[in-house]
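Note that the chains take the letters A, B, C and D in the order they are written out, and that residue 1 is the start of every chain.
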Amino acid sequence: MVIVMRQDATEEQLAHLVGKLQEKGLTAHISRGTERVIVGAIGDERVLQSVPLQAIPGVEQVMQILQPFKLVSREFRKEDSVVDVSGVKIGGGHFALIAGPCSVENWDTLIETAQKVKAAGANLLRGGAFKPRTSPYAFQGMGEEGLKLLARARQETGLPVVTEVMNTSQVELVASYADMLQIGARNMQNFDLLKAVGDVRKPVLLKRGLSSTIKEWLMSAEYILSRGNHAVVLCERGIRTFETYTRNTLDLAAVAAAQELSHLPVIVDPSHATGKRSLIEPMSYAAMAGGADGLTIEVHPRPEEALSDGDQSLLPEDFAKVAQGLRRFAGVCNQTW
Amino acid sequence: MVIVMRQDATEEQLAHLVGKLQEKGLTAHISRGTERVIVGAIGDERVLQSVPLQAIPGVEQVMQILQPFKLVSREFRKEDSVVDVSGVKIGGGHFALIAGPCSVENWDTLIETAQKVKAAGANLLRGGAFKPRTSPYAFQGMGEEGLKLLARARQETGLPVVTEVMNTSQVELVASYADMLQIGARNMQNFDLLKAVGDVRKPVLLKRGLSSTIKEWLMSAEYILSRGNHAVVLCERGIRTFETYTRNTLDLAAVAAAQELSHLPVIVDPSHATGKRSLIEPMSYAAMAGGADGLTIEVHPRPEEALSDGDQSLLPEDFAKVAQGLRRFAGVCNQTW
Amino acid sequence: MVIVMRQDATEEQLAHLVGKLQEKGLTAHISRGTERVIVGAIGDERVLQSVPLQAIPGVEQVMQILQPFKLVSREFRKEDSVVDVSGVKIGGGHFALIAGPCSVENWDTLIETAQKVKAAGANLLRGGAFKPRTSPYAFQGMGEEGLKLLARARQETGLPVVTEVMNTSQVELVASYADMLQIGARNMQNFDLLKAVGDVRKPVLLKRGLSSTIKEWLMSAEYILSRGNHAVVLCERGIRTFETYTRNTLDLAAVAAAQELSHLPVIVDPSHATGKRSLIEPMSYAAMAGGADGLTIEVHPRPEEALSDGDQSLLPEDFAKVAQGLRRFAGVCNQTW
Amino acid sequence: MVIVMRQDATEEQLAHLVGKLQEKGLTAHISRGTERVIVGAIGDERVLQSVPLQAIPGVEQVMQILQPFKLVSREFRKEDSVVDVSGVKIGGGHFALIAGPCSVENWDTLIETAQKVKAAGANLLRGGAFKPRTSPYAFQGMGEEGLKLLARARQETGLPVVTEVMNTSQVELVASYADMLQIGARNMQNFDLLKAVGDVRKPVLLKRGLSSTIKEWLMSAEYILSRGNHAVVLCERGIRTFETYTRNTLDLAAVAAAQELSHLPVIVDPSHATGKRSLIEPMSYAAMAGGADGLTIEVHPRPEEALSDGDQSLLPEDFAKVAQGLRRFAGVCNQTW
């Protein structure tokens, strides 16, 4: 931590700050510049995370030196983490190709989709049983009934299933059916939920919040790891910006950045990131070329009948085309699945 | 709903769309322009909210005409709603001056703060017992113990208390102690939580999400009203933008806009919106002058010892100065408290 | 400047950095922490502004301590600057109430508007002769003809005129007619233009760019002051965010922040900031209450015939109502005009 | 254009609007819904671009149906445009690999860089002689002297040169030396400059503004084409968002979107988009895989001595590695150069 004193800070204020740092077990290193006094706090600055140094009289600015996260960091673990989802590996050259409908709607549509995406090359099945919807009047998901259909689809196709959990009270239930628990973008900072999925032993797919920085995203992953669950896969799904042509703005550089800062695998959701069917193919290729460890893509055999996100769902045949394209890139990118 | 067909849309595609609309009980009104065919859907377009019209072949663009919310809208209720929090009215000329520490930390600090803000003119006491924190290693709040201290502070000062509820499993507990339940910015789209507070009969303070549009904010309020709880107060607390000098960007025009679109009272949180002590005073005055129905301000007698948000907490004497300033504006603004 | 070395930085790399700093006339102050070595650069760090320290091997992070601007800063000049526009003072308790049409369109409309806004209390007349338009097919302004009409309107009403200059080649021409030169938001970082208006001796109204930080805005003002023209008034006109209900997001905290960081007067343009007629009144009051030194408001007697920005123009009678409201706030806010 | 009337709009107001549309040569098509009357304007709605329909009493909302641009649109020209820069083709499968220093600083560094990037596979040389700098105290470029060095480097290497023009008064000068004129992000809406480069017959590289939407970017290109210069290449260089880890947020979906909406080639600048050396390689691959028609990359043999942007410049050997990687992707992407 580097603390910059105000130009008019007094010696008493400086001494007070130094005392405060020592109280926390840190050493203060004082640098007297021509216009400002700067204090370096030597020691583990994480102990200062909840100390409001800015509130101390005479302090102008507080600058953090170390990353606020630990267990998720590359410094903590140098090699890529590989997350195993019921036998399907993600990370370290193992590519996840997750596909399926936005929501589970009925058995026939689900199994048709699951069989087709499997045939096209998907290695995991996605589908929502509990659905976060902006409107209280929109379809809210089938709930446990949907989880049962997902489990049955897994049995028939062999594809492990990923599905969203929205609330601490559902964690046990969802975990009893699913192979991987998804935390949606709107819940990325639902800290009680993060703790709850940190307490189970199921892999977690953690979506980035719509307006969350890369560091906040990693801090949310830190919540999960700090409870003992290290099987976390990050998912970039577009951030909210001023641009309205696309539903969100896909931040592909954040994928590479997260991989630099952390050892966790990072995948991309081009469906939510763009919200436009025509952009999913180029962004899928871009994601793989940019180093992503996987993709999650919405597929529906009859998008116009979909109860949610039909606008951005690919037809199974379009998904097959994307999957084929990805195979061509896989060689150049050293990815296998 | 207005649906714009692609330039190359066929008559079959048009007929298919028209059939789809009729199936939903709407009438299609077709307008053949020089470059595009436009279809107006006559009837209650809200039935189309979960129909992915965009996914229908030949459709280029779908434009919503009506607001997606209903119970919270000005059209539904013309006059200002007044929310009663254990005797303190908010809205319609009744100003809420909510003050207190970010977190409840111990009895002495809480009661000292409560007595001082009351003396300065606050009419409601705030304080967090359950705290959403970016870092798993930061102070997470006192929990039920904190709720008990709040209830005791209410007893001693007569100030009704507002406190955050983070999780559906806490709703009953928090509601048994608090006079008003706060939904934090990060939970604005925690839909299960919205339903849960919609099911109790306590007033709710609904903070705007960091990257939520005004319409999404109102849709979240709609969740609560649609469950039968009409005592909702909205709170603008700054949105996330590219500007980093302030912690967030206070969007005061959103207050006036929300008041135009909705009958619900709207208050402002200048503490989180700016994150800078020096900006709280001018933004408090601006909020009142701009028509806000109240303010919620963080106050701490020893900010440098605060376990959260010390950087932006006002000293009780600074808060008293702000409260005094607000009294001068109150006459011009027709606000009383 | 504080430079943080990478964890794996070598002693040679550190020595190389220290040499680099010394070469620039600075002293290096080395702080060896438990996880990182930190180097403080003692001296005037502004000499480092164009030295890419980040590019030096072993450097992890470079943190600036001092503000990059100088002449515009409060440290350089403690008291509020008062800018004189042909006899009308702005700043230090002198309020600017600038009003007029978006564009100068013809003599009749201009003089009608000028007389009415004067009668309502405006002390400066605005109007564009050169118009920056998103579309090449939209009305581009009357050019010099418009400047002549503005000068004539000044003669008839006594109101000094403010008008935009878009290009270095127009500076001399515009300065020969106008009392104050406006730099539009899209030109805030048109550095050649900033230099050109810095070279004339006319007051400048510098609008904040749509996505410019407060610091960048002040750096653009620094360009003008550094050429010898100290008569600069800043204007907050809304920034671009994800919110689309308003045309832009009015950042009122930026006004107070700019006044803290700088001695220059800061005014507000609620017309462009909101783009919605109904929001101009509340935001005008909020601006004054929040400490703004003035307002610039678009007024048109027949908005539906306006050649630009008709959607957000007030009728003269609506402007009169706002001006009257402002008078009521002026006493509380210690503003006169 | 679709115009939605307010719920309380009168028949007179409707008749007035219809008259207004007819006056402009359009036909009004009236649709009476259950809650609103909707008016479709049949004809070329571009004539309405500067008519403030929103200002007409009774109008609630105005929705544009057609894109505001014409010459740059895919509807205007179906096939990809190929821009020829002194013999180097860009677009339609011809990949531009532009490289060179941020600024031209001296002959030795320039020619060393030019020779090395050519050897590595670059087909165009970039370098700034006129530099837009946030600070008036930073290096502002060598001016004409820099242009001469660029021309000499072209002669020695055979690489056509791309360089920025900042001001209308420089257009002729820059055009006399350069093969392609660059319009920087901060000048994307410097409309006089757009007109000026539209009047010369040199290809233009038009960077997207920091906070410009895809449509505004295309409108700026429309300015150039509407003056008769059709040789425009678009360049995505990152937009400004809340994320601060990267300098800007690379919006790769905007590249694919711009290619859908327009026939113009679109390239990517990963150097400015990320501002981080380590992210340039993955984002270069992602750009090509996502369909970009080229890249522009900053290269400097001694980044720590660079007078601008040294922090994000690649070493020539790192650039060579990226160029090699791109060759591997080129086959999959059907790009040649």
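Keep this in mind: contacts are C-beta pairs under 8 Å (C-beta built on N, C-alpha and C of every residue); 3 or more make two chains touch, one makes a residue touch a chain.
Computed from a predicted model, the values in this text were never measured in an experiment.
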item: Equivalent interface positions on subunit A and subunit C, same or different at half; value: same
item: From subunit D, the most remote chain by mean C-alpha position; value: B
item: Whole-Å gap between the CA centroids of subunit B and subunit C; value: 31
item: Distance between chain centroids, defined by C-alpha means - subunit A, subunit C (Å); value: 39
item: Length of the line joining the C-alpha centres of subunit A and subunit B, rounded to whole Å; value: 26
item: Subunit A residues counted as touching two or more neighbouring chains; value: 211, 240-242, 244
item: Residues of subunit B that touch subunit A when the two form their complex; value: 20, 46, 49-57, 68, 132-140, 166-169, 186-187, 189-195, 210-211, 216, 219, 222-223, 226-227, 240, 303-304, 306-311, 313
item: Subunit B residues within the subunit D interface of the complex; value: 2, 4, 7, 29, 31-36, 38, 40, 42-44, 61, 63, 65-66, 75, 211, 240-242, 244
item: Subunit C-touching residues of subunit B, taken from the complex the two chains share; value: 211, 213-215, 239, 241-246, 249-257, 260, 273-274, 276, 278-279, 282-283, 285-291, 328-329, 332
